[in-house]
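Which chain is which? They are A, B, C and D, in the order written, and residues in each are numbered from 1.
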Amino acid sequence: MLTVENTLKWLALFNQAIQTNQAQLSALDTPIGDGDHGHNMARGMTAVTEVLADKAPTDVPAILKLTAMNLITKVGGAAGPLYGTAFLEMAKKSAETLEIAPLLSAGLAGVEKRGHATVGEKTLIDVWQPVIAQLEQGPLTAEAVTTAVEATAALRATKGRASYLGERSIGHVDPGAASSGYLFTTMLEAGINHD
Amino acid sequence: MLTVENTLKWLALFNQAIQTNQAQLSALDTPIGDGDHGHNMARGMTAVTEVLADKAPTDVPAILKLTAMNLITKVGGAAGPLYGTAFLEMAKKSAETLEIAPLLSAGLAGVEKRGHATVGEKTLIDVWQPVIAQLEQGPLTAEAVTTAVEATAALRATKGRASYLGERSIGHVDPGAASSGYLFTTMLEAGINHD
Amino acid sequence: MKKIMNQPSDIVTEMVQGLVRSYPELLKQIPETEAVVYNQDLNCHPQVGLISGGGSGHEPAHAGFVGDGMLTAAVCGQVFTSPTPDQIYAAIKAADAGRGVFMIIKNYSGDVMNFEMAQEMAAMDDIEVRSIVVDDDIAVEDSTYTQGKRGVAGTILVHKILGAYARSGAELEAIERLAQQIVPNIKTIGVALSGATVPEVGKPGFELAPDEVEYGVGIHGEPGYRREKLQSAEQLATELVGQLKKAHHLTAGEHYAVMVNGLGATPLMEQYVFMNNVLDQLAAENVVVDFTKVGDYMTSLDMAGVSLTLMKLIESNWTDKLKEPVTTIGW
Amino acid sequence: MKKIMNQPSDIVTEMVQGLVRSYPELLKQIPETEAVVYNQDLNCHPQVGLISGGGSGHEPAHAGFVGDGMLTAAVCGQVFTSPTPDQIYAAIKAADAGRGVFMIIKNYSGDVMNFEMAQEMAAMDDIEVRSIVVDDDIAVEDSTYTQGKRGVAGTILVHKILGAYARSGAELEAIERLAQQIVPNIKTIGVALSGATVPEVGKPGFELAPDEVEYGVGIHGEPGYRREKLQSAEQLATELVGQLKKAHHLTAGEHYAVMVNGLGATPLMEQYVFMNNVLDQLAAENVVVDFTKVGDYMTSLDMAGVSLTLMKLIESNWTDKLKEPVTTIGW
């Protein structure tokens, strides 16, 4: 169940994880993409962190919407519209429910619609989908997140810049999957899990 | 005293020396110029050699004039007009005399006029001038030529591209002096000397 | 990394400033964005607004093609990163003179998504927006699961032809139809001699041995289709012309436009030598070359190499439009 | 050496072929030379012919500036080697429309001598020829024994202004007088980040450490005046603007044209960033910048770096002439 406190904590921890692992995320993007994913996410989360401190929103929908708007306007690339849309759909859904599984589910639907991608195409969807499936049934574990991230290595990229590598993408973890891995492990660290 | 035979032999030997030492001449031009002197001279002497074989001139003025025209139209850079003018003036003078000292002297006068340079400015003039001075008094030795070439190392360049280095040119042999060194040592090898 | 810059994270901001300050008669910066618009009263001769953009690092693309007869506005994203929808939206608004706006998008999922989101924002303002996705790079043919081919240097020819039509008063629908006709006739393929260094990364995206080239590298350093030893310009031309021949089903008597594009660090001298070989090979195929252009148009930072674009000229109008004079920095 | 070429010794021949085949509407090769002339009937609107040239490796200079409003003909020597008098003579003849020919020569002893010999040849044909020697590079100040300063990127501004006057009908004498007035007001200085590799040599003319720059390097790689660690674009601008300020005795209120010129391998992005810093520093001096231009105009093969040219605009006419539209490949 999202609250103002745990949502802010989540985003703060996610920001930390992104800043700390910025170089690693860009490095993952280098062999199969254009090497900017870490920088893109870091720029976006810096802006999110600043605006949340600045505006001090007092309800969950406002937090999610501010996050969405700043990801959309600061990240760019593929990750900006995707993460931005995810948080925007979560913000909309949060008017109805604060349960985490249906919120993430709304976010994922937005991602799929925006990117015209689906499971198995070596994108962040390959982390979101199993994470949500597990949350719908019971508590999520950090191990399950990591397993999902690492499982993207075996996939062949067919969406996004990475797709241009085709066969040669096999064996490399997808950078968007890796950043989504941090999104979900920090969510657990913030105490958000199956309710 | 120039004859058709020794003049052709001289130019053939000079060509060989230039082709053999092309890289060294360009290397001399690298620290204090633009690194092309060997290539420039080689291009010119290849053309001279071809045209002499082709046209088979039968008198000294014709040989010198063909040489001049091909140096002028094939070498380019500073060396082309300078060597070209030298041979052109020698060709003109050879209508009057075939003695080597006055011929070279006419050539040198042409070089000085064309390049607005004089002794001591670290150019090929610093080889031509002592060589001619010695030839006017008695036989020239290969050692004297080499000494004149090497003496240019101590000079400060003030003419041509090399001049832009100023002080830093000191210690390097001038490339045009070096190619003129070959001109005079091959002249001796061809049996041309004080008459 | 040896670059003339200040803070890597400021490079796009400072570049855009340097650009508009250098060409104030042509460009003005859209306030609070890194987008530029043609510095004229667009309502004097209202035409369909043409906008393009994408990640930076491809200069003069796209801002260098803003001006009379080409683009109305261009959006400069971070280096190799698609610009954000708010910036694109600002460019749409600035470019609109009441006759709608047409967006020329290179086929990268980030670009496609960000431009699409901007279009959704513009729809709320009742600005009519249409678009084309350019996918001219034949280097990497993917399976049917992919989002297709990349958009590269051929995009500039799209700017040029659509720009000429827009200037001559064509309506938004006509421009859209035309875009759909020309894009499938534009095909490009490149060869890299070295990788590009993104300022914030500090080292090249990929490394090639001192004697190695890679065919089909993308303009962001995406992997190509083959590495081999650098051979002669003639052999590079044989490979690239060969691939384009196949892709175009090139046939004697057809008319083509030919563009040799430097990738950033390759001198014009080499580009002209390469074009000479390309034209020899096209002459041997008995195709008619009606338009030729050589230079840096769609670069990849400091990457060395060239791309070759062949556009099949099905309508003689297209040739005229390619040849029409324009006032831009980069054409 | 990684270059797109065939035989190094053929590179100029093939370059010129590639160039004229790419721009047949603008350029035609003068038979049996590596010189090009504007491909128009010059007798239709006879004007004073303007020619320039020099060693190759500086593309687009000079052939890229042949066209309406700039040069009439250009001579392409071997790489970094002044062209021979016969080639220059052919260009003089091709450029002459009965009103005489004016030669714009960069100050290198080879160029000066070869152009002078060509002028002597033309005199025998009763073609009136005048000339100017451009010596804008302030990098290396020599003693009174030297032949003075080098001619570099500022030469392009001479092409532009004289070209505009020639097009508008100025006589040979007037062009010569004007040339003598403008050249002392043009000053340039450069900074290199890497050396250039002459194709026939195969390795760079000089080497810099990975973090080192050299100020004042010549466009053939001639030594400059100082090496130091690469710092920010702002600091490079401080050094170059500082040198030019001194040389121009720059004073508040004066008017200037500013040109940032890429040396061959430096991307436009970096050039714009650098220009941004330059304009900041000139603004701080309260000088008025009436004309700005950024790009590759006088390159040095694959050298990385930039040069900065400041031209003091004493006559407002000069600004107008700089801004007049022209039809050339490179302006």
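Methods note: a contact is a pair of C-beta atoms (placed from the backbone, for glycine too) under 8 Å apart; a residue touches a chain by one contact, two chains touch by 3 or more.
For reference, the UniProt names are A, B = phosphoenolpyruvate--glycerone phosphotransferase; C, D = Dihydroxyacetone kinase, N-terminal domain.
Worth saying up front: this structure is predicted, and the values here are computed from it rather than measured.
Student: If you average the CA atoms of subunit B and of subunit D, how many Å lie between those two points?
Tutor: Centres of subunit B and subunit D (C-alpha means) sit 31 Å apart.
Student: On a C-alpha centroid basis, what's the spacing between subunit B and subunit C, in Å?
Tutor: Distance between chain centres: 53 Å.
Student: When the C-alpha atoms of subunit A and subunit B are each averaged to a single point, how far apart are the two points in Å?
Tutor: One centre to the other, that is 75 Å.
Student: How are the chains arranged in terms of who touches whom: line, ring, star, complete or other?
Tutor: Its topology is that of a line.
Student: Identify every two-chain combination in which the chains touch.
Tutor: The complete list of chain pairs in contact reads A-C, B-D, C-D.
Student: Inside the complex, what are the residues of subunit B that reach subunit D?
Tutor: 26, 30, 33-36, 39-40, 43, 72-82, 84-85, 114-116, 121, 158-161, 163-166, 168
Student: If we count contacts the way the header does, which residues on subunit D are in touch with subunit C in the complex?
Tutor: Interface residues on the subunit D side: 2-6, 11, 14-19, 21-23, 56-57, 59-60, 64, 193-194, 210-211, 230, 232-234, 236, 260, 264-277, 279, 292-296, 299, 301-302, 304-306, 325, 327, 329.
Student: List the residues on subunit D that touch subunit B in their complex, please.
Tutor: 55, 77-87, 108-110, 113-114, 116-117, 140, 142-143, 145-147, 150, 198, 200-201, 205, 218, 220-223
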